[in-house]
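Taking it in order: structure first as structure tokens, then the write-up.
Labels run A, B, C and D following the written order; every chain starts at residue 1.
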Amino acid sequence: MAPALPREILICTIARLLDGVRHVAVGASSPIPAAGAMLLRALKESEGAAPVKISILGSVEHNFFTNGSTELFDCAGQGRIDAFFLGGGQIDGHGNVNLVGVGDYPRSSVRWPGSFGAAYLYFVVPRVILFREEHTPRVFVDKVDFISAPGTSEPGVYRTGGPKALLTSKGLFSFDKEKAGFRLESVHPGHDLTEIQEATGFGFDHDAKPSQTPTPSPEVLSLLRGRVLDELSETYPEFAAQMRQTLTEREPVAS
Amino acid sequence: MAPALPREILICTIARLLDGVRHVAVGASSPIPAAGAMLLRALKESEGAAPVKISILGSVEHNFFTNGSTELFDCAGQGRIDAFFLGGGQIDGHGNVNLVGVGDYPRSSVRWPGSFGAAYLYFVVPRVILFREEHTPRVFVDKVDFISAPGTSEPGVYRTGGPKALLTSKGLFSFDKEKAGFRLESVHPGHDLTEIQEATGFGFDHDAKPSQTPTPSPEVLSLLRGRVLDELSETYPEFAAQMRQTLTEREPVAS
Amino acid sequence: MSDLRTMARLVESGMRVALPVDYAGVSMAMTRPLIERGAGNLDLVCVPTGGLQVDMLIGAGLVRSVETSAMSLGEAGGAPRFNQAIKDGTILIRDATCPAIHAGLLAAQKGSPFVPMRGLIGTDVLKNRADWKVIDNPFEETADPIVLIPAIKPDVAIFHVPLADRHGNVWIGRRRELAAMAYASAMTLVTAERIVDESLLTDEITAAGTLPALYVTQVAEARHGARPYGLWGEYPADTQELLRYAREARTAEGFSAYMQTSAEAA
Amino acid sequence: MSDLRTMARLVESGMRVALPVDYAGVSMAMTRPLIERGAGNLDLVCVPTGGLQVDMLIGAGLVRSVETSAMSLGEAGGAPRFNQAIKDGTILIRDATCPAIHAGLLAAQKGSPFVPMRGLIGTDVLKNRADWKVIDNPFEETADPIVLIPAIKPDVAIFHVPLADRHGNVWIGRRRELAAMAYASAMTLVTAERIVDESLLTDEITAAGTLPALYVTQVAEARHGARPYGLWGEYPADTQELLRYAREARTAEGFSAYMQTSAEAA
């Protein structure tokens, strides 16, 4: 079997971060988080554990909401969504997320789409996973130019949710609510601490020798390359096809 | 044609009171108000005037709401309901309505069903018609034992609606918001001022010689006894059948 | 799928229980299993009014309080066990008005502590609700009092629908207050006339009137499960039976006898 | 029934216009008639995000302000005319977050001046919204700040649906934000793929997904009226066309040329 692709390591890491959730919501254009959620669902099913529900926003097939686009937020407010993913044009060391733009608001020099539901969901979904593949100092900044959603809140502010982890193409960070900061948990294969420090515009805790992000077992990999990729191709056909092609190209090299 | 029955005079009076409304809501167990609304609708249609919409609550056939039982109240709050009817176990001279019970609340000696939507609708429906056939001092009291809905509100209280008229089996009153009191507008055929004063537990304005409530023209009566009674029998079959029978019994006497 | 007794066991003493209005889909089929189960001190929330089922639970002594906008048997008149309990002061009544109950459920649906509501100022409904608050509308410069209704978060909602599927999705049609009850409640127990294999969410037409399984704790089949109430699009109310109940349940003894005989008939 | 130009004439300068999200039923068919009509100084409310239609109205110079939770062309990237207008400061942007827009419409639906909403505290979204207010939750004894979102009352809502009937009822399926828009708005203009004779309210199954005529000002038929967006259950989005627009509308000239050629093609 071909060794795990970098994206497969991300998908398996997401499945691990989601362990224990009953219901996870995924954005319409988030194939890697969706794949992670689908992998967890498949793993739980094969273990005979409690089922994992996945809501894919904007998808007609995987949409089991029937009350319009307000239902996701209501559902989160009711405590029925355990995990969600957020990206961000900028993310800073306090877990603040900027989805709006760079420069002096409102006349941003670079304008991104906008905050979507982040200014609410970040407060009420217990396990928010910050996911951004691009790991550069322009994304991971010291201080965001606009707070779409803050990493932490002052005491007394109603908040049942917040950031749990930050996953990039280079490593995995956990978020410490008390310290309002990140800690590097592991470095993905092929990357190292120095590289991550240089690519990150904020300071973070870390071990002197951070561990490596675990690579998936052959069993998990075959579940991912089989059933999960099949499921994924229904909603994200281009992404799934691309992953299949990469795997086919690699196969001869590995064997 | 048989002369107008007392109930037909009530129905025609209601149609007159509703003149100009675009949308009237009627309770499920209110055949006389419903008949009045249906008569108005038929009259407007024959005049080629703007159509009158009627919502009959609790009816499946005449229910054009699709958002559950909250929609009536939302609709009223949006200003989309022009008229509504309220009864009341007790109604006092300030237009206060009691739908809850007699005696010391909460251990009422006589308990009625409850306030339903009155504590809201009385505030936001511009033309509320108080309708109670029984005209006795136990209904029309000096002061209600429990205010389900007040006739008037203090300045500064948001209020776009309130009582417009009070119709009983004996007469028709208008409501004066400034004076917070009723004025006898007309006495139904067969009744007189003294009788009404004795039957009413509160004082009210009136002319020295109040006029008589107009009886319907033959054209209006035939519309009522034809099309309107047909429409009515779909939703209130027993009431319509009873009215038909009374008309048949009367006919030989009148002719 | 579940059975009625298994579902009734999920209801525990002291729970807050949301029940729908007469015509929206009352799970009368659950009434006897609930009485058999015997979990008492229930705080009932009528959405937005109550009738036969509530009266029976009161008659059976299971009810501590009732929040409602009205209580009656419709054409069959007043609710006899409720009226007696009010006279005797054996239950706590929280008189409301229909949109206030909807507002409380809406607040829970939204994860909000309250929602504001117009009307109510100057009523004895408001005066007797220490749990409601009046604030000055902060969007107006002059005084503008407005009532805030706190979230109603039932422990369990119980209702009856025409149709459910094996996945736990239930078809509520335009009776969207049933969805509101489920959104607001920690548990939702549903009885259904029929249970079908194919998912109600597969077809956009049926999906539009479907409450998703996400909000549904258990579903059990119960033919004619709303009787003697009617069920929209299915069968009309049995007015004779309601009248019989209204007559017999005037006394505690009559109520017991009614429940006895109709249990034997069932 | 009406036609698109007749409907567009109901939109006047300075109106507040509610438009739905990409996938919910955008009436792209109304975009050109609106531009032809030329009523400007529009305050757009995106429910809850905006895309191609909003970008075109901005490009045509009809827009004074945009209240939205996001603006993009989805897979085709950023909204070019919007982004340029932001840079130039030629439109006022009211950045929101999805549930806040739903909350504002809900307040209007309920006839309430505001509804409360969790979250938002400490965001720059809140900091830039002088029209939102923070109060201390009166149901808590300790300090508990909560945001109040004022009612959003559009003058007109415009959207596209698969089906309408001759009575003015329109089928919205599970896209209930379309109903919320109509409830909140003074006028509602609807385009539909098909218009049928029989009332959608006659059958309980279709009634469940129907917005009643009571809330609908005018309906006009428009085949493929959402294109190049898709319409649920009907046709997918035309991504190539969205990409072409994204490419060409990068400049004001390119936008004009695009609108010119696609008008000729239509």
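By definition in this document, contacts are C-beta pairs under 8 Å (C-beta built on N, C-alpha and C of every residue); 3 or more make two chains touch, one makes a residue touch a chain.
Predicted model, so just to flag it, every value in this text is computed and none were measured.
Graph distance from chain A to chain B, where chains that touch are one step apart, equals 2. Note: the chain lying farthest from chain C is A, by mean C-alpha position. With centres set at the average Cα position, the gap from chain C to chain D is 36 Å. With centres set at the average Cα position, the gap from chain B to chain D is 41 Å. Taking the mean of the C-alpha atoms as each chain's centre, chain A and chain D sit 29 Å apart.
In chain C, 110-112, 117-118, 144, 146, 174, 179, 207-209, 232-233 are the positions where the chain touches two or more neighbouring chains simultaneously. Residue positions of chain B touching 2 or more other chains, listed in rising order: 65-67, 77, 124. The set of touching chain pairs reads A-C, A-D, B-C, B-D, C-D, using the touch definition from the header. Listed in rising order, the residues of chain D touching chain A in the complex are 21, 23-24, 47-49, 68-72, 74-75, 78-79, 82-83, 86-87, 89, 92-93, 95-100, 102, 106, 117-126, 128, 142-146, 174-180, 232-233. Only residues 103, 110-118, 133, 135, 137-140, 144, 146, 148, 150, 172-174, 204-209, 232-233 of chain C touch chain D when the two sit together in their complex. The touching residues of chain A, when paired with chain D in their complex, are 29, 58, 60, 65-70, 73, 77, 99-101, 105-109, 111-124, 146-150, 153-154, 156-158. Residue ranges of chain B in contact with chain D, taken from their complex: 23, 53, 64-67, 74-80, 124. Listing the residues of chain C that touch chain A in their complex gives 108-112, 169, 179, 183-184, 201, 207-215.
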